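Same chain, two partners: chain A is paired with chain B first, then with chain C.
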Partner chain A sequence: MTDWRPPLPLIGAWLGLLALLALTVTLAYVPLGAGNAVVALTIGTIKAGLVAAIFMELWHRRGLTLVFAGAGLFWLGILLWLGSMDFMTRT
Partner chain B sequence: MPESSAFAPQYASIRHRDYTAELGIWVFIATEVLLFGGLILAYFVYRHAFPPGFAAGSRHTEIVIGTANTAVLLTSSFLVAWAVEIFSPATAKIVTWLLIGAACLGLVFIVLKGIEYSKEYDEHLVPGIDFQLAGPKANGVQLFFVLYFVTTAIHALHMLIGICLLLTLAAICRKAPTTRHHTALHSAALYWHFVDVVWIFLFALIYLPGRSTS
Partner chain C sequence: MSEKTYLTTDFTLRSWFLTTDHKRIAILYFASLIFFFFIGGAAAAAIRIELATPQADLVSSDVYNRLFTMHGIIMVWFFLIPSIPNTLGNFIVPLMIGARDLAFPRLNLMSWYIFMLGGCTTLFAIFAGGVDTGWTFYTPFSTLYSNSYVIVAAAGVFIAGFSSILTGLNFIVTIHRLRAPGLTWYRLPLFLWSLYATSVILVLATPVLAITLLLMATERFFGVGIFDPRIGGDPLLFQHLFWFYSHPAVYIMILPGMGVINELISCFSRKEVFGYKFVAWCSLAIAAVGFLVWGHHMFVSGQSLIASLVFSFMSFIVAVPSAIKVFNWTATLHKGSIHFDAPMLYALAFIGLFTIGGLTGLFLACLAFDVHATDTYFVVAHFHYIMVGGMVTAYFGGLHYWWPKITGRLYSEYWARTAAILIFFGFNLTFFPQFILGAEGMPRRYHVYPPVFQVWNVLSSGGAAILAVAYLMPLFYLGYSAFFGKRAPANPWNAPGLEWQTSSPPPEFNFETQPVVTREPYQYNERFDAEPQNA
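Our next item is the complex of A and B:
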């Protein structure tokens, strides 16, 4: 019989993502001041990391693929860093 | 898996062809990261300038629809990842149904987004068309909604393209799938997951701020 069932890591990632979604919505209603934004973006980053590692298979990739996948993040970092510098430091 | 045709002359092997396709789609995703990155930078700059306006704007969005849409999109991504994982001639039927299911969830997302847009129109929250909010926070709220509509509309456009891709692949993969189809599906899947990742951040930036204050 052909195996059509989803592998366990995929199911785990999917359930984990839904759990993190429930967690982030719940924590959004807890007054943490500036911490709310930090919590929301941290959980968002973990969710994006799960999607990239498991769904996008980066966990099983090495070398050049990771460099190509990381290139976008590298340039995004420069964009956000240099782009926001002036506004964040303006007095 | 059967081969419909040999790989093109620039490749040394089928593996080489697939590897090139994967690197190519990552380059494309990098350009997309910068497209949405520019919008997110604009969002951060204006949120920094109008913190109360952005918190108030966020409270006007429909968090129930936003949360449901996030769950829908995560599930859709799961179905596509599942299809890629089990892809073979023997599982062609199941793969087809998984892709149709993922595309249908994509359509559910678009419909829910449409309902949300119409609610915002009824509440006079559409800048440039009908925006009627007064008070000290009105300017910030208006900027929030400009960015809200631009980012979510561009995201929805990406969703529509992804839905067409998934349905096309579902039709193609139905009979005698080859390794070329697997490569095409893998590329489309990476795109679909990327659109999912964009939404994860848009959800955190649009729906969650300002919920713990009033």
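Our next item is the complex of A and C:
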């Protein structure tokens, strides 16, 4: 276990998430065509990164913990890869 | 008996319901799972009674739908998934690695409470009016048309998922961190390798189930377009997400059983497991490759042909490590000194039944065959051969094997063998006819059928009656032995595993002194070449 840290980074990350949420909602109403999806997904990725780094405390971790966290990401990749294989090649 | 065991340290209810002792939590799980097994079993009994005749005589189609849904949901999530990991695993893992407890004892207790909360939620849905979607919750039926308690039942499964995740996490950390001095990875009993692989699946797959059910509930409740194409969703997305969890979940339901079989086969052949490293790595290979085959449940769903081809190919690949295990068990038997004690009878039954289940899985993985067999009783027979013939049999085998350790008592070998043989016979009579029915085209999930199918259905229902009696028998002779059985010695089977080096039943913190491991596992020939002693 790490030492207890002042919750400043947590509050910062939380505010960051709220700001990104506001940005998502706002941009959803700006017509960008295909750009809308790209923007939404990019923001989503940043949010997930914030949660993983700060709330899941992966920032200070190394070794086995990162391997397992990476495995989670890798498995998500499998879901997206084999799942989209169907969507891309459907006739 | 002056030494206090984990059973006699304290007798209050409080000491049970607030315990952090992995052994007591295992007992809590045992009791809960027996309860759920009976509810799921009651539904199965009703289904088989209805199917004894072609017409509808016992229940209406609506009630029938609710029966098989309840049977599936309870058996999958409230019996099979937790079955071996949370009972035998919980009890044996710390003992096998020479630890005082799991890495997170309180999390372990919490996982039981979460499990019970999920179980009660789903039970509430069932008794308030039931669910009729099948255990698969397929959209659009579950989101648009069903008038049953879909969200409540799914919420129960959702909640129980957290219990799975916590258990998986606990096992992974325990096996990494709490191994006794000298217990290297390649000295771990294979049961632990298989539980480790199971835990990896539990941790990586269960969140996807949670998200899938959440999305389903969101669409049903708020009408947000996720799966419904009219409001922008994709109708196959649900199946992709669901099977991304549920195919790996079938390996959650078989890997622990395979693990138990290693222990039984080697003990009752008095030999080390043939090809230890292969078996160990095959567990992990099954866990990993198991994530790449889910589309074999969607061959007729309209997914792309390319996807079907890839998933079909991968399904053949995933059978390879399972087959390696079967061959290695057989090679372990070869020239062994084989003892037909009750646990061994279960183990031998497992090998045969699992092989039939696995091979028919390969039939189904062939695109052309699956078009004919999908949604027929062939599929039903396939997965019951693995889940019931395999996993439930392994569960009983493991229960008998470790029973002296768990309770400190010996059971009646005569009754145990009788039950094992009866289970094997009843099982095959119940499910083998279903292969034939499926091959002849009888669809699953209907409560009426053309009269030509009746003969096989009557046989199947008759088998189910035998199976029901056979499954009840251990409740009596094991129950009797728990109170009146002969006292068990610390090591009734003369087995080398660490769990046998402490007294039966073990003291609260498992070992008087920290055990140290100096040998490979399964060394039956050296010091332990005596025969098993349970008579």
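Following the convention adopted for this analysis, the second predicted complex is superposed on the first by the 81 of 91 C-alpha atoms of A that agree within 3 Å, B and C clash if a C-alpha of one lies under 4 Å from a C-alpha of the other, contacts with A are read in each partner's own complex, and residues count from 1 in each chain.
The definition used in the following text is that a residue touches a chain if its C-beta (ideal position, glycine included) is under 8 Å from a C-beta of that chain, and two chains touch if they have at least 3 such contacts.
Note that this is a predicted model, so its numbers are computed, not measured.
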Given the touch rule stated above, what does A:10 touch, chain B (first), chain C (second), both, or neither? first
When the two structures are overlaid on chain A, which partner does A:72 contact: first (chain B), second (chain C), both, or neither? both
Looking at chain A, does chain C or chain B touch more of its residues? B
Using the touch definition from the top, say if A:31 reaches chain B (first), chain C (second), both or neither. first
Could you tell me if A:19 is touching chain B, chain C, both of them or neither one (first, second, both, neither)? neither
A:89 contacts which: chain B (first), chain C (second), both, neither? second
On the A-aligned overlay, A:64 touches which partner chain: chain B = first, chain C = second, or both, or neither? both
For chain A, which residues belong to both interfaces, chain B and chain C? 64, 68, 71-72, 75, 79, 83, 87-88
Please output the residues of chain A touching chain B within their complex, sorted ascending. 2-7, 10-11, 13-14, 17-18, 21, 24-25, 28-32, 36-37, 40-41, 43-44, 47-48, 51-52, 54-56, 64-65, 68-69, 71-73, 75-76, 79-80, 83-84, 87-88
Counting only contacts in the complex, chain C reaches chain A at residues 172, 176, 200, 203-205, 208, 234, 236-237, 240-241, 244, 291-292, 294-295, 302-307, 310-311
What part of chain A is in contact with chain C in the complex they form? 64, 68, 71-72, 75, 78-79, 82-83, 85-91
Which bits of chain B are touching chain A when the two form their complex? 19, 22-23, 26-27, 29-34, 37-38, 40-41, 44-45, 48-49, 63, 67, 70-71, 74-75, 77-78, 80-82, 85-86, 88, 90-91, 94, 189-190, 193-194, 196-197, 200-201, 203-205, 207-209, 211-213
